[in-house]
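You will see chain A twice below: alongside chain B first, and alongside chain C after that.
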Partner chain A sequence: MTIRGPHPVWWAMIRVSARRVHIYRAGMMFWMIRSMLELFLILIVWSAVYGDRESVEGIADDTLLVYLTISAIQVYILPNIIAVEVGERIETGQVATDLIRPFSFMKQMIAIQFGSSIGFAPACVLVIPAAMLVGSLELPSLTNGVAYIISFVLAYMVSTLTWLLVGLGGFWLINIGGLRALLSVASGFLSGALIPVWFMPDALRILVQLLPFQAMTFLPASIFSGQVTGTAMMVPLLVQVAWIAILIGLIGWVWARAQRKLVIQGG
Partner chain B sequence: MRLATLSWELVTASIRGQMQYRLNFLIDVAFGLVFSSIGFVFIWVVLGRFDQIGGWTLSEVALLYGMRLTSHGIWTVNFSRLFAIDRIVRDGEFDRMLIRPMPMMLQLMYGSFRMATLGDLLGGIILLGVALTQVSIDWSVGKLILLACALVGGAMLDGAFQLGPAAMTFRTLQSMPVRGLFDDIFGRFSGYPTSIFDRSARFLLMWIVPVAFVAWVPATVLLDRPAELPFPSWLGWFSPLAGVTCIAIAGWLFVHESRYYQSSGS
Partner chain C sequence: MIQADNLVKTFERPVRIDGRFSAVRTMFTRQRQRSVAVDGVSLSIAEGEIVGYLGPNGAGKSTTIKMLTGILVPTSGTATVAGIVPWQDRSANARNIGLVFGQRSQLWWDLPLDESLRLIGKMYDVEPVRFRQNRDMLVELLQMEAFLATPVRQLSLGQRMRGDLAAAVLYEPPVLFLDEPTVGLDVVAKERMRGFIEEINRTRKTTVLLTTHDLDDVERLCQRILIIDQGRVLFDGPTADVKRRYAPHRLLDITVTGDGAAVLRELAQSPPTGVTTSSAAELTASFQIDPTVVPVAAVIAEFSARAPIADLAVREPEMEGIIREIYEAREITR
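Coming up: the complex of A and B.
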C-alpha cells in the first residue's frame, strides 16, 4: 500500500521540532543582540567609507543601507539547523533508526528544518523592528515587493538544500562541526551580507558566483533594495531556480553514495 | 617548574587526542584561521576599493587588526579550556579540578587545548608582521616596549571579559551567551579605529566595555596620532594597564564565585 497526500508524520515531526526551538529562548535573544551588533558595525564602516558621497559606482547610500539591513535579517532567519541535525544523526548513529522509519530520511530532515523555522518565527518578528532601529528599512515598490517574496521563498529553499548537502558530508567526515562552522562564518561573506557583490573585486566575485550562498542573500536583497528592477529581476530569480535544480541533483548523487558509506559506531 | 611540565603534558596529550580524527583536526585549525581572518578580509576588500576609513589607511587598520588578533590569540591559546566552562561546571568535571594536585586556575588554562586557538595566534602574528613592514612608525625603545606590553595587555583585557562573565557559571550554570556576546564585541570592534564611531558608541567602547584599549589607544601612540585621543596623549603610554586592572578584577571574581560551586554529584 502506498500512502498518498501529506504523510501524518510530516505534521508530527514539524510540531515536535517547532516546540524544541523554545528550549533555547535565552540563547536566541543573545544571538539576536549579536546579529544587531554586527549590523551596527557594518553600517558604521560603510557610512565611514561613503563619507559625504551620496553615491558610489551607481549605488546610492540609502540603497546600500537598505540592502545591508535586509541582508542581515535574511542571514538571521534563513535555515541552517538542518546541517546540525543531519550531522548529529550520522555522528551518533541515530541515522540507523531514521533510515528504518517508513518515511524518507530527506523528508524527515526537511520536516525538522521546517518545524524549527516555524518555532523560530516569533524571533523573526522581533528582529525586523530591531533591524529597523539599528539600520534602515524602506519598503520596496509593489512589483519589487512581489518579486522579493518569490525570491525569498527560493532563498529559503536554496538555504535548506545547501545545508542539507553540508550535513550529508558527515557520511565521510563523521564529525562535520568544523566544516559547518567554517562555512557558516564564510557564508556571511560569500552571501554578500557584508560586502554587496557590486563592490567585490573580480576574483572574489567569481568565487561568490560559483557558490550557492549569494542566492540566499545577495539576490533577494538586491531586489528588495530596488537596485534591480523591472524585467531585470528575472535574472536573479532564474539563478535561484537554477541553484535549486543543481542542489537537488547534487544531493541525489551524494545520497546514493552515502548509503553505501554509512558507518554506525556502535550504539 | 614541575607545574610547567605538567601543563605541557596536558596540552600535548589533548592535541594527540584530537589528532585521532585527522581530517577534522585540519579543518579545526583551518577554521581558526578563517574565523579569525574573515573580519580582516572584510576590511581588506573594503579598503582595497575605498582607500581609507576615518583617515586610517589599509596598512594602519591592518596594524590595529593584527594587534587585536595577536592579543586574542595570546589569550585563547592560554585559556582555551574556559570555552567549555559551562559543561565543566554542569557535569561536575570541576570536582576533578578542585582535588587534583595542581592549582585550579592552571588546570583551567591548560587542562585541554583547542587547536582552533592556534589559528587565532598564527593569523594575528602574520598579519601584525606584515602590517609592521607597511606602516611608518618612528621607532624608539619605548615604542617597542609599548607594543609588547600592549599585546599582553590586550590579551588580558579581552580575557577579563571572558573570565569575569565565566564566574557567573557557578551560580547560573550558564555563561556561554554572555561570554559569546563579549567575544563578539571585542572581536568586531577592537580592530577598528574607535574614532569612526559616533559619540555615544565611542564612549561605550572606551569606558564601559573598554575595547578601544586593546589596539586603538596604543596604536595611536605608536603611529603618533595623539590628536584622536580624548585624553592627554602621554596617558596612552599606560594603556596596557587597563588590561592588568581588568584581569585582576575578573580573576578575583572567578575565584570568589567558585566558592558557590555545587557539584552535580555524578
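Coming up: the complex of A and C.
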C-alpha cells in the first residue's frame, strides 16, 4: 500500500473557496459583533450571580471567566457556512452541477468550508484581542494546552459535520433557513456557551449530552479553562471522537436517502 | 455508447388542498400526488452520433438527461453510458461525460473563467501538458481570450455559455450532454456554438445528445432525432425521416407575369390531382404537392405550359412547422 497525500483537487478547491470569503465578509463582521456583545452580557449576568463569592458549585470565578471567553471565541470561529452552502445549492438546483463531478458532493462542500475558514483566519485572530478586552483569557498549562488543540480540531470536525447534516435537510425541506435559525439558537444554549453545562439541571444536562453541540464548545472550553485535567481529559476527547463517528454514519445514511429524494429545482 | 431501457421517473409532492385554511392543511397533509416525468423511455445512441432530443416544455427531456448523467436516480429502468450505470457510479461516470445546461452554469460564479477551467482540470486529473493544450485550443476555438480573466458573474450569456462548453469538453469526455445549449443566444453566438459542437464531434468522435427548442440546431447538427412528449418517445429516427413521415409534401411557389392573372386564378381554384392550393393572390400563389400522387416535375411542367411563369420555387416544409404539428396533434389526445 502506498500512502498518498490528499488529492490535489482538495487544495485547489480550498484555495478557490478561501478567495471568495468576501461574500460572507459583512456577515462575519456582524457575527463577530454579536458574539462579543453576547459575551459581554453573559459576563454581566454571571458576575451578578457570583457576586462576592469566589466559587459556585466548585467552579472558581476566574475559571468561569476564562471558560466563557474561550467559548465565545469558539462559537465565533467554528464553521457553519457549510450549512448555508449546502442549503443554497439544493434550493437553487445548483447541486445538479456538483453531482456531475468526479469529486463527491460532500467532499466539495467540506473543501469549501475549509477554504472559507482559511480565508477568515485573519478575522478569527482579530477576535482574540476583542474577547480579551471584553472577557479574560488565561493560558492553560502545557498538557491542557496540547489537549485543547486536539479538542479544538475535533470540535471543528464535529461542527463541520453537524452543519453539513443540517444542510442536507434541504433535500426534504427545500429551504433550511428556519431549521438553521432554530438550531443556531439551540446550539448557543445547548453547547454551553451561555450557561456552562456544570450548572445545568440533570434533565437538561442529559439532553445536552445527547446532542453534538456540547462537543463543539463545552468540551474544549472545559479543557482550556482547566476544569478538566490529567487523564480525565481523555473523556471529553473520546466523546468528541464518538460524535464524529456518529455524524459520519448519520450523514452517510441521510445521503443515501437524499439521492432518491432529489428533485432539481428550476429544471 | 448511450443505452437506456425503459427509464421511468416519477416525482411526488404533497397534494394542494383548497378551501378553508388551505395553506395549513396543505402543509400537514399526508396525501401525495404522483407525476410521471419520464414514462418508459428507451434509446440507443452509437459512438460519434449527434442526436437531437426534442419535445415540448415539460415533456421529460431534462429529466431523462439528469438520469443519464447520474444526477437523478430513476424510479425504474436501467441505463448505461459508456458502459457505466450513471447513478450507481457517479464519479466514474463523471469522467466520461460533459454536461452543459443552458439555464445554469457549472462554472464558479466568483472566479475568473480561467481559474474555473484550471479547477476543472484538477478535478478531472488532466495532465498539466494536456491541460494547457486543451485549454489553448478551446480559448482559440471559442474566442475566449478577451474575457478569460473576468469573473464568471460578469460575463454575458454568450460568453458564459462558451465558458461552460469549454468546461464540459476540457477533459475530453467521450459523451457530451447538452441541455438547451443555445437558449437565449443571439444568431452569431448560436452559430458559433453549433460550429464548435460539430468540430468536437468531428475531431474527437464525441457522442452528443442535445435537447433544444431551436430546430435550426437540429437541422444543422443532428443526423437523428428523438421526439418525446408526456414522458414517452413519439419518434426515433433519421432527421430526414421526420419530414418523410409527417410532412412528405413539397411546397411550390409561383409568380406569373402580368397577363397570367386569369390563368393563375383558374389554377388556384381547381388545381390538378395531388395538388392543393395553400394561398393565392393576384400574381402569386402557393401550392402543396403530394409527391406520392404526382411527381413535382410533372406539376411544374403542366403549370409552365399553361401559365406565363415569371418565378418559381420548390420548398421542403420547414422543420418548425412539422414539429409544431406533431406537438399539437398530441395536445388533442390529452
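Convention: the second predicted complex is superposed on the first by the 255 of 267 C-alpha atoms of A that agree within 3 Å, B and C clash if a C-alpha of one lies under 4 Å from a C-alpha of the other, contacts with A are read in each partner's own complex, and residues count from 1 in each chain.
FYI, a residue touches a chain if its C-beta (ideal position, glycine included) is under 8 Å from a C-beta of that chain, and two chains touch if they have at least 3 such contacts.
Keep in mind that what you see is a predicted model, and the values were worked out from it rather than measured.
In the superposition on chain A, contact of A:L139 is made with neither chain B nor chain C.
When the two complexes are overlaid on their common chain A, residue A:F189 makes contact with chain B while staying clear of chain C. By the touch criterion defined above, A:A242 reaches neither chain B nor chain C. Touch criterion met: A:A12 reaches chain C, while chain B stays clear of it. Judged by the touch definition given at the top, the superposed model places A:L204 against chain B, while chain C stays out of reach. With both structures placed on the common chain, the touch criterion links A:I44 to chain B but leaves chain C unconnected.
Touch counts on chain A: comparing chain C and chain B, the chain ahead is B. In the superposition on chain A, A:I100 contacts chain C only, with no contact to chain B. Once the two complexes are laid over each other on the shared chain, residue contacts for A:I174 go to chain B alone; chain C is not touched. Shared contact residues of chain A with chain B and chain C: none. Looking at the complex, you find that chain B touches chain A at residues 21, 23-24, 27-28, 30-31, 34-35, 38, 41-42, 45-46, 48-50, 53-54, 174, 176-178, 180-181, 184-185, 188-189, 192, 196-198, 201.
Across the complex, chain B is touched by residues 26-27, 29-31, 33-34, 37-38, 41, 44-46, 48-49, 56, 173-175, 177-179, 181-182, 185-186, 188-189, 194-195, 199-201, 204 of chain A. Across the complex, chain C is touched by residues 8-9, 12-13, 16, 19-20, 23, 93-94, 96-97, 99-104, 259-260, 262-264, 266-267 of chain A. Against chain A, the residues of chain C that register as touching in their complex are 11, 62, 66, 69-73, 87, 90-92, 94-95, 97, 99, 101, 103-106, 108, 110-111, 115, 118-119, 122-125.
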